[in-house]
Structure formats: C-alpha cells, structure tokens
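I have a structure here, written as structure tokens, and I will follow up with some questions on it.
In this document, chain identifiers A, B and C correspond to the written order of the chains, with residue numbering beginning at 1 in each.
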Amino acid sequence: MAERHNPMLSLRGLTRRFGGLTAVDAIDLDLAKGELISIIGPNGAGKTTLFNLVTGLDRPDAGTVSFEGQDITGLSPERLAAEGIARTFQLGRVFGNLSVMDNVLIGAHTRLRAVRPAVPVIGPLLELGLALLRPARVKDEEERLREEVKAILARFGERLLPRIDQPAYSLSYANRRRVEIARALALRPRLLLLDEPTAGMNPTETAEMQALVAELKAEGLTILLIEHKLEMVMRLSDRVIVMDEGKKIAEGPGEQVRTDPKVIEAYLGHGLSGVTEQESAA
Amino acid sequence: MSSWLDYTINGLIVGNVYALVAVGLALIFGVSRLINFAQGSIYLVGAYIGWVAVVQLHTPLPLTIIVVAAAAAAVGLIIERFGLRPLQNSVRIAPLLATIGISFVLDQLVMLTFSPNPRALPSQLPDVRFQLGGGTIGPLDLLIAGVGITSALLLFVFLRYSKLGWAVRAASQDRDAAMQMGVDVNRVNQAVFGIAAALGGVSGMLVGMYYNQIDTAMSLQATLKGVVAEVVGGAGNVPGAVIGSLLLGLVESYGVAVFGTSYRNLFAFLLLVVVLVLRPNGLFVSARQAPPEPLTGTFIAPSRPVRIPRWALAVAAAGFAVLPFFPVSFYVLQTLINAWLLGMLALSLTLVAGTIGQVSLGHAALLAIGAYTSALLSLTSAVPVGLAIIGGGLMSAALGTLLISPSFRLRGHYVSIATLAIGEIVSLVILNWESVTRGPIGISGIPPLSLFGYDLISPSSVYWFSLAVMLVLALLQGRLLTSHLGRSFRAIRDDDIAARAYGLSLNRYKSLAFIFGGFAAGVSGGIAAHLYSYINHETFNTQQSILALTVVILGGLGNVVGAIVGSVALVGLPEVFRIAAEYRILIYGIVLLLLVRFRPQGLLGTI
Amino acid sequence: MSNIDRRTLVRGSLATMVAGAAFSRAALAQSSEPILLGVSGPLTGPNAQYGAQWKQGFDLALDEIHAAGGINGRKLAYQFEDSQSDPRQSVAIAQKFVSDPRIVLELGDFSSPASMAASPIYQRGGLVQFGFTNSHPDFTKGGDFMWSTSVSQADEQPLLASYAVRRLGLKKLAVLHLNTDWGRTSRDHFVKAAKEYGAEVAVTEGYIAEERDFRSTLVRVRDANPDGLILISYYSDGALIARQARQVGLKQTICAASSVYSPKFLELGGEAVEDVHLGTRYFPQDPRPEVKKFIAGFKAKYNGQEPDAFNAYSYDAVHMAAAVVKIGGTDRRAIRDAFAKVKDVSSVIFGQATFDVESRRVKGAMNAELVVRKGQFALWDGKPT
C-alpha cells in the first residue's frame, strides 16, 4: 500500500466557518499516491465544503492544503486544475448547452498547448489570434483531443458515444454524471475528487460506476471519494474518513470505521440517510 | 461650513425621493430575484392618476393617495398576472426583458392618453416653509420622507412578523421549498407586486407634487436612480434600499458641491460600480458568504438552435449584396445600412451576452468610444478614414475591456446593472471631458467614409461597405465560435464555477470576448460617425443599448445569424410601423412581450 | 396628419419604396396634388412633446395659407415622420424624403445630433433641410442646402445679456444652462456679452435635460453670492429651477432665455416664476399684426390655449416654406435658390425675415423684454422688481 510519509495530498487543521457555523473544523488528512480514500458522513457534515477548499473554490479560514509537497492553500481553482486536480460536483454541473463532446473537451482545456502559448502579457491575444487562424499545429492538437475524448467516452460503453453531439441538458441524470467523470478524466488528473458519483443512480448504473472507479484505481489514479452508498465505499476504499458537523470523527479501514460507536451514533443521532438505508439496500 | 450642512440636507431630501422607488424595487427583488424595470412606469402611471384625481376630480389628499394606491396596485397585479406569471418557469432573463417591454407599453399608453406635454400637479398641502440650515423645507419634504421611511419600516415589520411576510421570506429564499411547505407562491407574488406598485404609484404622485411637474420622461430616470439605490443598499433588502437611497442622494449632492452640477450623475453611477465591485451583495451584506447555487442553465434558455444550411446563408448574403443593382429606393438601402450597423453591435453583444453570458446593458458605450476615436483620429491627426475606423475598433476593444473588467466577477443581473452604469459613465465622461470630446457641442464636420482615397458617398457604396464589414465580422465570429474559445466562452456562461474548476480563467476569457466584441462595436460606431458627420454625447444612448439587447434576444443568444436577422427585423419593423405614427413604439413593446412569452430562446435559438 | 389623407400618403410612400428614384417626377406634379413638405421630428421618445407642439404650429399656418388660396392655387401639406430625434432614424427618413419626388423641402429634425447626421444626405440629395430649431453653430455649415430660421445664439444672447446687465442693472451673475449643444453655445455667447457690458459671471452650472433636483446646484449658486440668476433653459426645467430657487430662499432677480416662453412655464412654475424676466421674440400684447394674427388664430384653433416659442417657430417655418415655394416652385434646386431670394417674409420671430446668404440664417430677431406679473407675461415697464 501507500507510503504514508510522503503523501500526495495533505491537509492540516483545515477550517472553514460560515457565520456561527463551522462547516469544516480542523481537518487533517493524508492521501498517498494511488490511494483511494472515501469520506462519509451525514448530510451537512461538511464533505462538499472540504472538496471546495481542496479545489480552490472556497478559501479556508485556517489550516493548509499541500499537494505533492507544495503549499496550495488558497490558490485559484484554475491554477489547481493546471496542477492536475480534477473534481466532479455533487449536484452535477455539466455545461447544459454544450454537446457531450464539448463538455469533455473542456476537461482537456489545461492540456491545450499549441493554441495557448505560454507567453506572458500577450499570451491571451495570441490565443485569440491562433483560435481564428488555426494553423496546422492547432488543428492537429484539437483533432488529437477529439480522438482522446472518444476513447474516454468509450469507457462508458454505449451510454455516451451515441449521444456525443447532443447538448448535455438533454441527457438523463445518470448520463450527466458520466459526462462529469469523463470531463474530469480528460484533464488527465493526478488527483481526482469524486463527489457522490452515484447519487440518483439505480443499482445497475451504480454497479457500472463502481466498476469504473475500481478500474481507475487499478490504473493507479489517486482518488478522494465522497459517497453515501456504503457497500461501494467498503469495496473501493483503502481508508475511510467519517465526518460529522465539520469534524473528523473516525478514520481507518472500512470495517473498523463501520463498527466504531461514534460513527453509529453520528448517523443515528441525525436519524437519516447513510448507513441503515444503504445497508438494507445492500 | 454652513454650506455643507445644506448639501447634506439636500442630499437627504433627494435621497428620500429615490427611496420611494427603491423600496418597491427591493421588495420585488427580495421575492422574485427580479429587477423590475417597469417600476418607473408604475410611478409614472401613479403620477398621472394623481393628476386626474387632483386636477379633474378635486379629491382631497387622503382620498387622492388612496385612489392612486388602489389604481397603481391594480396595474401591478395585472403586470404580475399577465406579464410575469406566465414566465415563472422560463429562463431568468425572460422576466427581466418582460419588465422592459411592459415599461415601453405603459409609458406609451400614458403618453398617448395624456400627450407628451408636461403637466403641473399642484401640491395639496399647505405651503408653509421651515427654515433649515441655509434653505427651507416644506410639508411635502416631510411627507415624502415619512412615506419612504414608514413604508420601509412597515414592510420590515410585516416581513418579520406576519404570516404572509413569513411566506414572502420563505419564497424569496427557496421558492421550491416554500411551495412544498404549502406557501402559495403566486399569492405571495401578487401581494408583493400589489404593495410595490401601490407604493410606486403614490411615490410618482408625491414626487410630481414635489416638483409641481409630471411628464412621460420621468419613468426611465426614476427606474435608473431607484435601481442604483437599491443595489447600493443590497438588492432585496428593504431597509437597505432606504439607506442606499440616502447615500446616493448624499453622494450626488457632495459631488455637485465639489465638482459642479454636470458631474452629478457621474458620481451616482461611480458609487454603484464601486459598491458592486467591492461589495457585490450591497453595503449591508458581507461579501464573503457562501456562494449562491449555480445559475446552470437557468439564465440562458436551453435550446436547439435552428441550423441554417451554409448554402442558404451564402445565397442570402449574395442576395443582399446584389440588392443595389435592383431599383430599390435609397430609403430601403439606408434602412438596411442601419440594420448592418446595428448588426455589428448585435454581433458584439451576442458574443458577450449570449456566448459568454455577460448581459450588457451599456453596450452603446462601445459604439461611442469607437465613434469618438475614429472621428478624432481622422479630424485632428488626418488618419485616413479606413484606418481611423480600425483605430476606433481597437480603442473600443481595449478601453471597453478595461472599463468592464472590474465587473467580470459579477453574475446574472449584477452584470447588467454594472454595465448599465458603465455605459452612463462613458456618456457622462464624454459630456464633461471637453478638451478632448468638445463636450455637448459635439464633433461636427467628420469626413465621409472613404477607402484607399475614394470617398464612399453614394448610398450603394456605403451599403456595400457596411454589409461587407458586417459579413467579415460575422464570419470571424462564426469561426471563433467553432474554436476552443467558443466552447470555453459557452462553458463559462453555463457554469462559471465548473469552468474555473477545469482551468478556465474567467478574467482571461471574458476579456477576450470583450476584446473581440468591443472591436466589432467600435467599428460600427466608427462607421456611424463618418456616416453622420456629426456626433455628440447623445448620439449613442441607453435606448441603443436596450435595442441591441432586444435584437440579441430576438435572434437567439450567441447566435451569429440570429443577431443579423434580429437587426434587420428590429430596424425594419419600426420603419414598417411608420404607418402607425405615434403608436409604433407601443406596438414594438407588445411585440417584445409576445416574443419573450412565446419564444424566449429567440427566433433562431440560443447557441 | 394635416389636410392630406394618410392613406394616400402611405400608398404613395410604398410606391416610392418600390419604384424609388426612377419614378417620374412629372407624373406626380399634377396641380391637384398638394405640394408636400417632409417633416422629420420626434413624435415618440423623450422629445415627443416638441413634435406635438410643432404640429400645432404647422397646422395653424397651413390653415392660413389655404384660406389665402394656397400656393398658386395648390394646397400645401406635410408628411411627418417620427424620428424620435434619433440620428439612426433621421438618416433613414432623409433617404426616404430625398428619394420621394413629391417632397420639395424638408423641415427638422429637432435635435442637433439627429439633424446634422442627416445633413450630408440632404446635401448630396439636393433637398433643402430647413432646420428651423437647429441653433447649433455648425448646422448651416453642412452645405448650401442647410437653412435655418432658428435664432442664432450669437444674436439672441447679447440681447438677454443687455436686458440683464444694462437694463436690470445686474452686476454679478450666476448662469444655469442646459448642458446640450444649444445650452452650451448660448452660455458662451451670453457670458461673453455680459462681460462686455461690464458684469461679472460668478458661476456657471450646466445640467442635463433629465435633471429634476437643483437644490444642491442652488447652494453653489448662493455661495457665489450673485445678484442675478440667468436661466438658459427650456420651460419645464426653467420652472423647476425657479421654484427650487425660491424654496431654498434665493431672492435674486431671475432672468431667462426666450425658450422658457410658454404658458407651461407659468403653469409649472406657479408663484415662483412671478417677477422672472425674460427676453422673447414676441409677447401676448404685441401690437405687431403678424403676432396678433398668430395668437388669435392659435387660440381659436386650440381651445384658447396660448402658443409658446416652439409653436411660433413651427408656425413661422411653414409660412417661410410657403414663401419659398411660391418663388421656387416645386423644383428642389430652385427652392434652394429661392431661400436666398425671399425678402421680408412676415414672421412672428423676426418681424420681417430675410436670409443672410452667407450664414444661411436670419438675422435681426425681434426682441421684447418681458416680466411675469400676476401670473401673466407682460411687457416690462422698466421698474425694478
């Protein structure tokens, strides 16, 4: 398993408050290369806020985030995407009016080189000029990426390929989640954050998704996963972290966490979602 | 020193006048998340109903107020029921446009009923004056302040403590959740519109009495100042609207004190831009709150654009190109020249409003920058006209992008408000920067269009020139849309948070969109300057901006062909409606309303 | 519309749209058809009120012309196209008029941006643009087809300055002016003349047309400590300023430009405009026959309504157009030449109007020094107020 002393992602005392409420409270976390950690916890536990802090969409009030030894606390999401951090969103944020192809191509945006020359100051103007003129290099790059997108979409079988030119708003809910994951993969991420990838999916679709995540893990991708479906969490995770009211209340291998009295109390105390329902389903 | 007291008092007095409109706007925004551009029109209607009551029916003041409040409330209910409720499940931009259309219709109805001549609306209060500072105040000052503050307080208490008020607040925070909890959202909306309209009507009447003057031009001004005050106070925040209004009044008054009268509105709009940039949620709400839910797919209608085959477009372009060889009148050619010039502006706006989602209400400013640059280059530096026009385009691209850049971090309605303000600021700077722009005298004797030393004077040559320029710009824009920039722009429009998470820098891509669009608009302004030979600060006004936006919506947001089709339609329709003389703007408003109602994605659809 | 059936016009203009300039001029020049003037002006939009006032003046003048037998037996009519005072629309209207052979002469537009944008089209098309309210000093420089009876501010403002400084004895002035091309030009001429007459201009304040609130401006005025306020305003803003000046306790003499001359000024200003002085081109009790005829005719036609300055401009303009057409006939070029030939046309504004061929404007506007007394305009009796 993973080398704990040199983690890929490392959170120290990460804290975010909204008014009087502390959404994320002094969270520490180490994620090694190739590891898959799941974060579970009742609704409102602060899981998505934690993702926002890691991906730069929100800034912590205290604490640090480091990625491959670099302090990335408070960097913009654009910078972090360029560093190779990709994520999906809990509510499914595809670009509704863009086709499936374009949605996934956006994922590859940070990898555009020919059309985005790394020239200071006039770089953006060159980008505009190159987009209009489209010399061969630019065309080739675009063509390569389009082929790659098709390959990524092929991982979802026949779910997305036939709909490649359809606007995303016309897709089913499950397909939108798939587009999100395809988009994240197009970034060729070093770290992938998945926020409830199976929310709203039926058991067949969930199984497909689970197989895909397992495949990604097998390919060596480092993954942080928020998930309610415990069976999937147990099967995929190297470690599980349980959050409640912003705090980390348990951490460890799945089975150990599952029987932790604090965890059971947290779920029962809130009286909803998570453990019981999912288990009875499983 | 005593003068400062007077400036302060005067600022507060006029601030109270603004508050009357701002409170109504805040109430509506609080519930519907809608900036009601028709609020000024209800204010206008109230003023004229007041005139009928006072001058023709001789009602006493309390009865006048009741009559005006009731009639205005009725107008508000009609607007809500027939103008806005059908758009409830439509895209968010639809109700905004609908209120603009409603304001056209109401203003025109008042003008047709009462004639455009200003009328005196005598005050029904005793004419006693109290000394205050170096000036005096009268009972109307007190009544206006009283109505503003009392209504804000009453509304505040009502929202906090009554059952309906609770429903209103619930609906404003989460409409769907409120509905699930049994709140009748329609009833809430009705109540809010009724109250806001009653208040708006009474305000119009009181302000009319205050100045002893009512006329149909008061509507737009009231809306503009009310919107500024409301946004400064924090959109949707009723007590904030009053404080924002007072602040606006003070800033204007001190601006006059320090710099002179002609700078007054400059300060009003600068205040707005500063507040929007520094505290986008208004002065009284902390800027650092949890980001609101995304507007994914809610501001722009999802649609499948109508695909027009390339050969059809080529045939149409060729058809227009050979038109001057047929015996068409110069009038038709000139009308089409206007359409091509508007088309360039619409291309620009459809890119920034449609493709990247920055709905600009101040786009005429880009025309003005291009026009002044081109005119001055050719007049004072003897630059050939062709080059001067390109210079105008470049200046418009650079300066326009620079001016708009502080608002890149804003979203939705706030972008519209900020661009509206920036447009006004540009116009006021042109008015006041006399050493360069010659102020209100304007620039005359601008040389006619010419290319490589040949003057383009005949209508046909101007027609071909403007058509060619527009087609080139359209082709370039079409090419842009199929590049990686096209999808990047549209991704930012659809969901700027997800776009950022995938490495798209909002500043960079919004700048590129404004640079490209600013160029097209600047070229349009430059050509217009040489065509008209005379321009001043009024040549490119807010009406132009609103017209351009209408074109863009009509054609379909982001749709290049749609922008051109829309331009031909909206230049052509008012010309066709010339038969209707005074009624033509009314008809235009009604067409706009029907369009928003039945085809919010535009004729050719959003791209 | 005036005396011509709208439907005829519509059909006519549709015909021209289709057939365009190729249409034979002779075919239309039958003597049964009225001679047609084109009017480009605001009927909707923010300046709509002025278009409405124009119509009143036009219609009265046409009644008089027809009562006197028309023009060599033919009637005169106008076709009013709404421009909203928008340059984009005025240029389209200009092409429409230029290519409509029935139009012999164009009147308008109202605002300088709208008029001057259309000037190149009229100039090239060889149709006279008679901008009877266009005081912009550059308007008639647009070409030899641009003519105007608008009183040049270079003429009017010295008269006002003379009234204020020499006759009323004001020594230290505050000038408030509409910040438009007209207001700005007027201010410059006024200030120059007032200084020549020995007065000091303590402060000048330009305001935009939509402004309603002048209290803070008036504090600036008060702090400059003038002994007179000069209003270069239209009637509605002039009335607002006068009211607010009195409300904030300014008791100085107010002297206003002739553009406030309107019964609306009295109605909107109420008691506050009492004792306001103004120079005008005519006044109600004016003994001049042309003025008596104008006022009596206007009141008779419009239910006792008093005419104002804009009514007078448009009334004069149609009479001038008639005089020009009488000499020049229906040929556009001949009409342009006729502007240089007409002599001593009876005019409310000028008494006798004759164009200065160089400037293509009329010099020597009439001047009357009025004061508001008991809610009425009255000739000033020379007594200080």
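Throughout what follows, contacts are C-beta pairs under 8 Å (C-beta built on N, C-alpha and C of every residue); 3 or more make two chains touch, one makes a residue touch a chain.
What you see is a predicted model; the values in this text were computed from it and never measured.
A.B. asks: Drawing the touching chains as a network, do you get a line, a ring, a star, a complete graph or other?
C.D. replies: Contact map by chain: line.
A.B. asks: Chain with the smallest distance from its CA centroid to the overall CA centroid?
C.D. replies: B
A.B. asks: How big is the gap, in whole Å, between where the Cα atoms of subunit B centre and where those of subunit C centre?
C.D. replies: So the centre of subunit B lies 32 Å away from the centre of subunit C.
A.B. asks: Can you compute the centre-to-centre distance for subunit A and subunit B, using the mean CA position of each chain? Integer Å is fine.
C.D. replies: 40
A.B. asks: Between subunit A and subunit C, what's the gap in Å when you average each chain's C-alpha atoms?
C.D. replies: Chain centroid spacing, subunit A to subunit C, equals 71 Å.
A.B. asks: At which residue positions does subunit C touch at least two other chains?
C.D. replies: Answer for subunit C, listing residues that touch two or more other chains: there are none.
A.B. asks: Residue numbers of subunit B touching subunit A in their complex, please.
C.D. replies: 289-291, 293-294, 296-297, 300, 302-304, 476, 479-480, 483-485, 487-488, 490-491, 493-495, 497-505, 508, 511-512, 515-516, 606-607
A.B. asks: Quick check on the complex: what are the subunit C residues that touch subunit B?
C.D. replies: 6, 10, 13, 16-22, 43-46, 48-49, 51-53, 80-82, 84, 86-89, 91-92, 94-96, 98-100, 111-113, 116-117, 119-121, 124-125, 136, 138, 141-142, 176, 179-181, 183-185, 205-208, 210-217, 219-220, 222-223, 236, 239-240, 243, 247-249, 264, 267-270
A.B. asks: Within the complex, which stretch of subunit A touches subunit B?
C.D. replies: Going by the criterion above, the answer is residues 18, 55-58, 76-78, 81-82, 86-87, 89, 91, 93-98, 102-103, 105-107, 109-110, 112, 115, 124-125, 127-128, 131-132, 134, 142, 167, 169-170, 183, 187.
A.B. asks: Show me the residue ranges of subunit B that touch subunit C in the complex, using the header's touch definition.
C.D. replies: Going by the criterion above, the answer is residues 3, 6-7, 10-11, 13-14, 17, 108, 111, 115-120, 122, 129, 134-136, 138, 211-213, 215-218, 220-221, 252-253, 256-257, 260-262, 264-265, 327-335, 338, 341-342, 431, 439-442, 444-445, 448, 457, 459, 528, 531-536, 538-539, 543, 571, 574-575, 578-579, 581-582, 584-585.
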